[in-house]
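You will see two complexes here that share chain A, one where it goes with chain B and one where it goes with chain C.
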Partner chain A sequence: MIHATKIRVVLPAHLKTLAHVTGEVTLEISGEATQRAVLDALEARYPVLCGTVRDHVTKQRRPFVRFFACEQDLSHELPDSRLPEAVVLGTEPFLVVGAIAGG
Partner chain B sequence: MSGVRVLVGTRKGAFILESDGKRKNWKVNGPLFAGWEIYHLKGSPADPNRIYCSQSSGWFGQVVERSNDGGKTWETIGNKFSYDGVPGTHQWYDGTPHPWEFKRVWHIEPSLTDPDKAFAGVEDAALFYTSDGGQNWQELSGLRTHTTGSQWQPGAGGLCLHTIILDPSDPNRIYIAISAAGAFRTDDGGKTWKPINQGLVSEFIPDPKAEIGHCVHHVAMSPSRPGVLYMQKHWDVMRSDNAGDLWREVSGNLPTDFGFVIDVHAHEPETIYVVPIKSDSEHFPLEGKLRVYRSRTGGNEWEPLTNGLPQSDCYVNVLRDAMAVDSLDKCGIYFGTTGGQVYASADAGDTWAPIVRDLPAVLSVEVQTLP
Partner chain C sequence: MGKRVPGSLGEVGASLPDLSNEEVLRYSRHLLLPEVALEGQQRIKASRVLCVGTGGLGSPLALYLAAAGVGTLGVIDFDTVDQTNLQRQIIHTTEDVGRAKVASASEKIHAINPNVSVRAFDAKLTSANALELFREFDIIADGTDNFATRYLVNDACVLTGKPNVYASVFRFEGQASVFATEQGPCYRCLYPEPPPPGAVPSCAEGGVLGVLPGLLGVIQATEVLKLILGAGETLIGRLLLIDALDMRFREVKLRKASACPICGTNRTIHELIDYEQFCGVRGEEKPVTAALPEIQPEELKSRLDAGEDVLILDVRELHEYQICNLHGRLIPIGELPQRLGELDPNREIVAHCKLGGRSAKAVEFLRSQGFRDVKNLAGGIMRWAEKVDPSMPRY
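And now, the complex of A and B:
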């Protein structure tokens, strides 16, 4: 039996509006809890977010989108690296953040 | 009673301005999609309740929205614009090869006959098409893969396909324009394309009369007379009487022939409008006076229209997609400025009044004439 992990995700305001959600979203991940798995689950639940966090085709993070968790910048971690334990355990959220850049 | 709906795209959201046929009292709805750049929104000629909207952001990329009720409610539709095959390269500003990269949708042109069909002009320059109401977009790659495509070079605003004109007399004929590749035409529904830049002279490129490389700012056509085209180029106002096969300059007595917008009166195909702008780098009206120029002779002879427009200390720009006309009698003319004003004339340009004064910078203006 595959254990499902629940990951708390905080989206930036514009993406909450697009996805019609308020507050955090909780995503169930089967298998290894990685950035890629979280983003796959996010896009599967909210298809309108496809292309807004990462490129449709290359799956690369958009340049002005950042990933934070546990007071760390995870933006440059490999997509298949395991997320911090506190995120996997659900005590800390995974933050999708619009970088501070311009007006 | 008939009315008009003015669709305004700005740097920070969309606005919908509505009035009855008198066009004096306006209801302002917005901002919609607040905080997003709205390069363009346009209604379907076949169903005025169907509106497409290009919404983009430096952070979150491209989103496309669709309304089926005249802008009251919206749904997010397909935003995947993938170039066909291996995209290859165009030229970068310094002349080196640069990979084709999708950045945003500049212009959406709904089909004249089917609200589920529409074309999208994008940066880096390519034309996309949907036949399912925008859920899926396919590239009409015959344009980008034209033999000249690898030589196309961006203008200051990027390598953008900003103008799409559908010929009402021939569903297979489409005109497009790209900064700074020039104008192109297809006569087979988008399979093959022909550069239509003969007669253009651009001193800022090595061969001023080259087949491509001209910085076309906007092209307009009267639906009542397909085949007669008017163009505002980086410099020069041009006219073609043979579907773009040959252009001639009609700048005439304009105080400067630089500008971005150009449009045609809805009922008088020889009456055209431009807004002269000082350049090369200032990009504001001459002498701080915002003046629309009208020609009733298809060019060459121009008159300034100033009644109701600021005639001192005005230093705004009017961008390429920010002028439109309604089809009421008398024809209404509308334009938006980078200072956030949207001006309207209900008498073909004789007098003007602002509908709104303080929007974010206006990127585009379109008008729907409602039954």
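And now, the complex of A and C:
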């Protein structure tokens, strides 16, 4: 039996609006908990987010979006690297942070 | 005096100005702080800080820096005070509506502290004036409201070697950091490219809690003073993420990007560029994609009056629809892919939002799905309110 991991994800405000969610999103990942797995699960649950965090085709992170967890910048980690243990255990969220310009 | 922080202003030693008896009394609560004391207050008096923008962030920023005794306070803004500014831009009052923001701001700064020398620039910050202007100040505080000016401020700070005390807000969320010091990353290290036009709504489209820029502007003022004093630990290399709705403050570490085109190891940007072109002109009053078919409000009105069969598709949110509407079919843009079946692909559709940005995306999406006769209402419902129905509430 494959164990499912629950990952907490925090989205930026404009993506919460697009996805019609408030607060954190909890995603179930089966298999290795990686950035790619989380983002695949996010886009599967909320198809409207396809292309907003990652490029539609290349699946590369958009340059105006960053990933953080446990105070660390994970933006340049390989997509298949395992997420930090605290994120896998659900004690810390995976942060998707986007550029905003309001002032 | 506390430890001198990286990126802080250098020693100015003998050139520090004296404080008058009035100033000693005025700043007495600062003088009692060992981290400030007499020399720190003299440093504050000797400092020259430029606030770019006198809006939501710039209001508390300029007011607190003035109260703190910054000797020379620059304010640059080309805008005039608007009724919609008053919910958060606390340097301006109801009586200031219609006045130049820098005139209004200068007056309030003088009222708070007549010792401050205000340099007011009723102008737009551009690639042509930014470098010359920044060279006249020690610290730049970015309180602008659009991506093009944020990249301009960043690049001009890097090129002139000035710290960029940064904050931005949207809805209930804010970000703050200190960029463009030798030790830390710059704004481009964090976000090498801006979002495409329309991808991230502005506060005018998405809204902002009025208190939020107050919170972030005060953080900027705090960082400015710490840079002047060389005290404490600034936000260099750290990004503060604030969620006012949950009242959660998170801090993440930032690193200088070696590939950064302006502060990295192989720099490709050596002078200011055309930032409107770099960011794409943010079409708040125009559709995002000029090639998309659009219709002017006056034309739509006359066609509706003539009884023509046109479906008005409102892609805003319910709470916006409740403020004012054209009695159209409400399908928020985020629900459009799931609710396509509710629309007849053979019927003429005019999509609108508040200002035209979101509906342009909706038109583009509907056309990609085979809807042939879809148009964008130019300028959104706000232009309708301006051109067709002045009685309509504006927001």
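FYI, the second predicted complex is superposed on the first by the 98 of 103 C-alpha atoms of A that agree within 3 Å, B and C clash if a C-alpha of one lies under 4 Å from a C-alpha of the other, contacts with A are read in each partner's own complex, and residues count from 1 in each chain.
Following the convention adopted for this analysis, a residue touches a chain if its C-beta (ideal position, glycine included) is under 8 Å from a C-beta of that chain, and two chains touch if they have at least 3 such contacts.
No experiment lies behind these values; they were computed from the predicted model shown.
K.L.:
Going by the contact rule set out at the top, does A:14 touch chain B (first), chain C (second), both, or neither?
P.N.:
In the superposed model, A:14 contacts both chain B and chain C.
K.L.:
Would you sort A:52 into first (chain B), second (chain C), both or neither based on which partner it touches?
P.N.:
Both partners, chain B and chain C.
K.L.:
Determine, for the superposed model, which of the two partners chain B and chain C contacts more residues of chain A.
P.N.:
Touched residues of chain A are more numerous for C.
K.L.:
After the superposition on A, what does A:99 contact: first (chain B), second (chain C), both or neither?
P.N.:
Both partners, chain B and chain C.
K.L.:
Have a look at where A:64 lands relative to chain B and chain C in the superposition and call it first, second, both or neither.
P.N.:
both
K.L.:
First (chain B), second (chain C), both or neither: which does A:23 touch?
P.N.:
So A:23 only meets chain C here.
K.L.:
Which chain A residues are contacted by chain C in one complex and by chain B in the other?
P.N.:
In chain A, positions 12, 14, 18, 48, 52, 62, 64, 98-99, 101-102 sit in both the chain B and chain C interfaces.
K.L.:
Give every residue of chain B touching chain A within the complex, in rising order.
P.N.:
Per the touch definition, chain B meets chain A at residues 35-36, 57-63, 76, 79-80, 82.
K.L.:
List the residues on chain C that touch chain A in their complex, please.
P.N.:
The touching residues are 53, 55-58, 142-147, 150, 167-173, 175, 190-195, 199-203, 206, 208, 213, 239, 241, 246, 250-255, 317, 332-335, 337-338.
K.L.:
In the complex, go through chain A and note every residue touching chain C.
P.N.:
Residues 12-14, 17-20, 23, 47-48, 52, 62-64, 66, 68, 71-73, 95, 97-103 of chain A touch chain C in their complex.
K.L.:
Considering the complex alone, what residue numbers of chain A touch chain B?
P.N.:
Per the touch definition, chain A meets chain B at residues 12, 14-15, 18, 48, 50-53, 56-57, 62, 64-65, 98-99, 101-102.
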